[in-house]
Amino acid sequence: MSVELRKRIFAELDAQELIDPHTHINALNPASETLADILGYHYYTELAHSAGMPKSQVEEPGISPKVKVQRLIENLGSIDNTIQYSWFVEIVQRLLDIDVEYVDSSNWESIYSAAETKMASADWEQEVLAKSNLKAVFLTNDFDDPLEGFDTSVYIPCLRTDDLVFHLSKPEVRQRLANATGIEASGAATLREAIGKLFAHFTSKNAKACAISLPPHFSPAPCSDAAADAAFAKVVSGEANGVDAKLLSYFVFWTLAESCVEYKLPFDLMIGVNRGVYADGVFQGQDLYDSRVSLIQYREFFNAFPQVVFPISVLASVTNQELASYAWIFPNVVTNGHWWYSNTPTFIEHDTSARMEAVPKTKQIGYYSDMYKLEFALPKFAMFKRILAKVLAERYVIDRSWSEQRAIDFGKQILRGNVDRIFFE
Amino acid sequence: MSVELRKRIFAELDAQELIDPHTHINALNPASETLADILGYHYYTELAHSAGMPKSQVEEPGISPKVKVQRLIENLGSIDNTIQYSWFVEIVQRLLDIDVEYVDSSNWESIYSAAETKMASADWEQEVLAKSNLKAVFLTNDFDDPLEGFDTSVYIPCLRTDDLVFHLSKPEVRQRLANATGIEASGAATLREAIGKLFAHFTSKNAKACAISLPPHFSPAPCSDAAADAAFAKVVSGEANGVDAKLLSYFVFWTLAESCVEYKLPFDLMIGVNRGVYADGVFQGQDLYDSRVSLIQYREFFNAFPQVVFPISVLASVTNQELASYAWIFPNVVTNGHWWYSNTPTFIEHDTSARMEAVPKTKQIGYYSDMYKLEFALPKFAMFKRILAKVLAERYVIDRSWSEQRAIDFGKQILRGNVDRIFFE
Amino acid sequence: MSVELRKRIFAELDAQELIDPHTHINALNPASETLADILGYHYYTELAHSAGMPKSQVEEPGISPKVKVQRLIENLGSIDNTIQYSWFVEIVQRLLDIDVEYVDSSNWESIYSAAETKMASADWEQEVLAKSNLKAVFLTNDFDDPLEGFDTSVYIPCLRTDDLVFHLSKPEVRQRLANATGIEASGAATLREAIGKLFAHFTSKNAKACAISLPPHFSPAPCSDAAADAAFAKVVSGEANGVDAKLLSYFVFWTLAESCVEYKLPFDLMIGVNRGVYADGVFQGQDLYDSRVSLIQYREFFNAFPQVVFPISVLASVTNQELASYAWIFPNVVTNGHWWYSNTPTFIEHDTSARMEAVPKTKQIGYYSDMYKLEFALPKFAMFKRILAKVLAERYVIDRSWSEQRAIDFGKQILRGNVDRIFFE
């Protein structure tokens, strides 16, 4: 009974048109051109490397897309158990319309060719959006992105602020800020002004969110203008120590939240990543984490900005209960998707189950794809929808005697309704 | 098969008369008078507030119970997914005998009236106890509670000690202690004497436990009388710093355990809460936690008091494995219920499953309601019994080929037998 | 459907011949002689003690095996819910061929006698190996073990190094090292030389792994020869402080990894145990943990030794996601079994599910028994295989539409194939 029930609920969820609230899509080149764009995704290169493929093979300069795909295919046998591999197969099956269970050395070449042909079609991007039931996707834009040359109602800008908070000590970042805003920041006041300019620019281009990823040790506090001035001066003169850098990062972080108040933007916090842990890893395959992080670190921050909505992602499943509890108590905290190392079925099932029964149903953003190429929305959302259907079937229709329709409505609100409510109202 | 099996096991568990080993019932006024007593529970006010209801609406002084209920009902749509909402509906269905799936603006007024009538009946309290299959409930009494005017065999006193351990620096707390004991505490010896008096009073009134809630950073150590004398003097003179306050809290905590030895009382430890994290939250809706806590902090304490039984609750599910492991090794550590932010089905299922298979079956107290009003025992215990039946069906009868009867007997021991064994033998 | 499917998959997994990659078997006396060897396992003595049996009863000097068994049996009623008790019953059922559901005061004596007879048989050891489908087991050998008198192709040596890393400050450990190697270590160079000798000896005796258990606070860093010389001198002269001891432990740990490079041995890291937490516990029933540990502590170490394979066990399930993530990213990190307090079904199911879908299938060592007596491999591996069959059935065949054969092949690789690949290739 449960399996049939899950299928019925899945079918209803699957019919729901989606807006993907967090991706890394390049709006000027959103879809793939060859399978190398698919298999070049760090999930494949890092897993193949982890399973034994030398980094030099993965990243050899100058190799053609086809050679890259051939090499990766030869190394995917060891990872064909992973959920990430299943995304690739589902892309082949449902976007390329090729009915295979594996892609391996026996069949990859014909699939490569078929993909090349399909992806060269003028309407491939539209076809992918249509098959994926995707109305729009959020981007992740550098603060100095001109945001031009694309339809911002489909590719919705999002101001990514890691560079501003954590890398202002780099002269090139300060230069980029000056170029983007026309303001030569020299302290608290000019920094605030420059950041305001960024928000004005982004919101004029239909930006719907500000976003940042944060390391586990980050524990923000307010920083006075005077302290920020002093810290900034030391950073510019190259005399900054760790405390100065920290103060400056606090100041910028706090200022971003102030701008979110002024410009009425939600501020996506993605909490928990340590960058560059595996120094010799492949591109984008070097980051890990320390799961000893707590939302108590944001206590003062959440209290200081009741007017800002914070959609929050946590990297480790062990932080999920805190996230659910903080979203249950703080009006301005919202649960947001299943990030990176927690974006696998066992953790998604546990984490979404815990949120669904304890957080107001209007404050749960079910899922985002985090994709770099459009083709991944379909299999990633499909994974989530299958899990959501399972949880709704088992924990609501069976365990709590809900009607199927009530369960489906709840699922749709998590999948889509709350994206509308939180980012567009 | 599994669903029918669960129902059969649930029916057997549901027939078991209960003693609720931890509540916040006011013995002089245990049951509700209107739905405002039900919906005034912080689970509803804080969730409604989290979903957008202004605190000023929730807590406007002078509003009538009926207006308060009306306002809350209008804000419960956003939380009708939560397990907490389901408790409310189950109260309406099973205690008020009204067959509805939702309570909303379309039907609340007639339900309010029906409730008012029922609750005004002279035997409402007895009816609730009977329908809930409740023989007795433990209270949470201030240390200076006279414990008079009620039947202590039904409303069983429990000495709550947070004020003594954490708030002795407040003159009013010291005054209350003096008033309650006739002893003007001036140092270690008099404090010990005063605490002894409290235990004598409480046990003379049928108290069956001492209890305290503890913040995550608390890491108790023994404190000499001389050190306690010095710390106490500074506290009284207003010159105490953080270290003095900490030493004094250690001294009192240790002294409480010594009294538990003398008076043969279990000492309930509820570990992990940070008070007042959301400063602008509604009443009782401000506390959260830092899940980075370990029972290793109690290592010396557990070793020092082998004669005291410590029923332990942890606030976060990530601490549950430690709790199960410490109860598996330490004879004096007992697992106790599913507290607050872990009192939702996903965490209960995971946590109780882990305990059931690794902790001696005599050392697991399955559940307490933590309720403020009698009406909540029924739906909260029902939730737990459904989960317990699910775990017994799936993990014992199916996975481990136990007979149904063996599974039921185990369930009843967790539900009730261990409460008798631990608090009454 | 799911239950039948699980049974079919289990049957296929159960037919797989095993190599047990981590045990504490004494190769000179691997099997039990009486039930006292079975019930003397710390899982029973510590649980019986936790449930109320005095340590003096458990460990009274001079009692006969039969009296010891009688006493323990009388105290097992309180733990017959535990998975550990089920191992004992499965041994009675499947190795002693006695069809009982419980062993208690009504039937223990005849079972004791039957066991004594069976175990006295000359081929009992072989019978246990055969019934358990065990081809070989890894040992845990002291560094000065002569490794003589047994078949090292069945009982495979493993160099256990806790004493070297953490107890070199004890004169008797340094003496044992001198005796074993003929080298009187006096600093970095001679320590390195002595350790090299141990590796040469062990690998000449077919050793296939180096292993160590590590406390949660251990956070290794490289240590120069000069610093190690200074620290060693202080340790020998008895003037060492905590920093010296730590530096020396880092030096030895790093040197062990260097030897693993040279001798091509995997280095099993078992992370998270605090020794002696319950000071008055029974033998081997005193250790617990602090779950606040992170693999980030090994960041520098993992980067420094890309040539060494690290099969890693973590003590707490809350660390399992980090383990899965680090194994997903670092080529030299491999997931290894379900250790001690995480070796119970609820945690195994959650932890193995999380690994299976995110770690390359070649990098997961499913299970080891950790046993002290041969009889435990059968019930412990059976427990794991049942859970593995459940996960394969529910999460692969049902949730992901895998064929049964594909699921079985994946399961066999985790159970056995990777042991061959990682330790024998």
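Here the chain labels run A, B and C in written order, and each chain numbers its own residues starting at 1.
To be clear about the criterion, a residue touches a chain if its C-beta (ideal position, glycine included) is under 8 Å from a C-beta of that chain, and two chains touch if they have at least 3 such contacts.
Predicted, not measured: the structure shown is a model, and the values here were computed from it.
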Subject >> Copy-to-copy rotation for chain A and chain B - C-alpha atoms, rounded to a multiple of 5° >> reply: 120
**OP:** Please decide if copies chain B and chain C contact each other with the same set of residue positions, more than half shared, or with different positions, and reply same or different.
**Re:** different
Subject >> chain B and chain C: spacing of chain centres that average the CA atoms, whole Å >> reply: 39
**OP:** Find every residue in chain C that makes contact with two or more other chains and list them.
**Re:** 292, 318, 350
**OP:** Under the touch definition given earlier, write down the residues of chain A that touch chain C in their complex.
**Re:** 3, 46-47, 49-52, 78-84, 86, 274, 277-281, 285-286, 288-292, 316-318, 341-342, 344-347, 350, 386, 390
Subject >> In the complex, chain C residues that touch chain A >> reply: 1, 292, 294-296, 299, 302-303, 306, 318-319, 321-322, 324-331, 350, 353-354, 356-363, 395, 398-400, 410
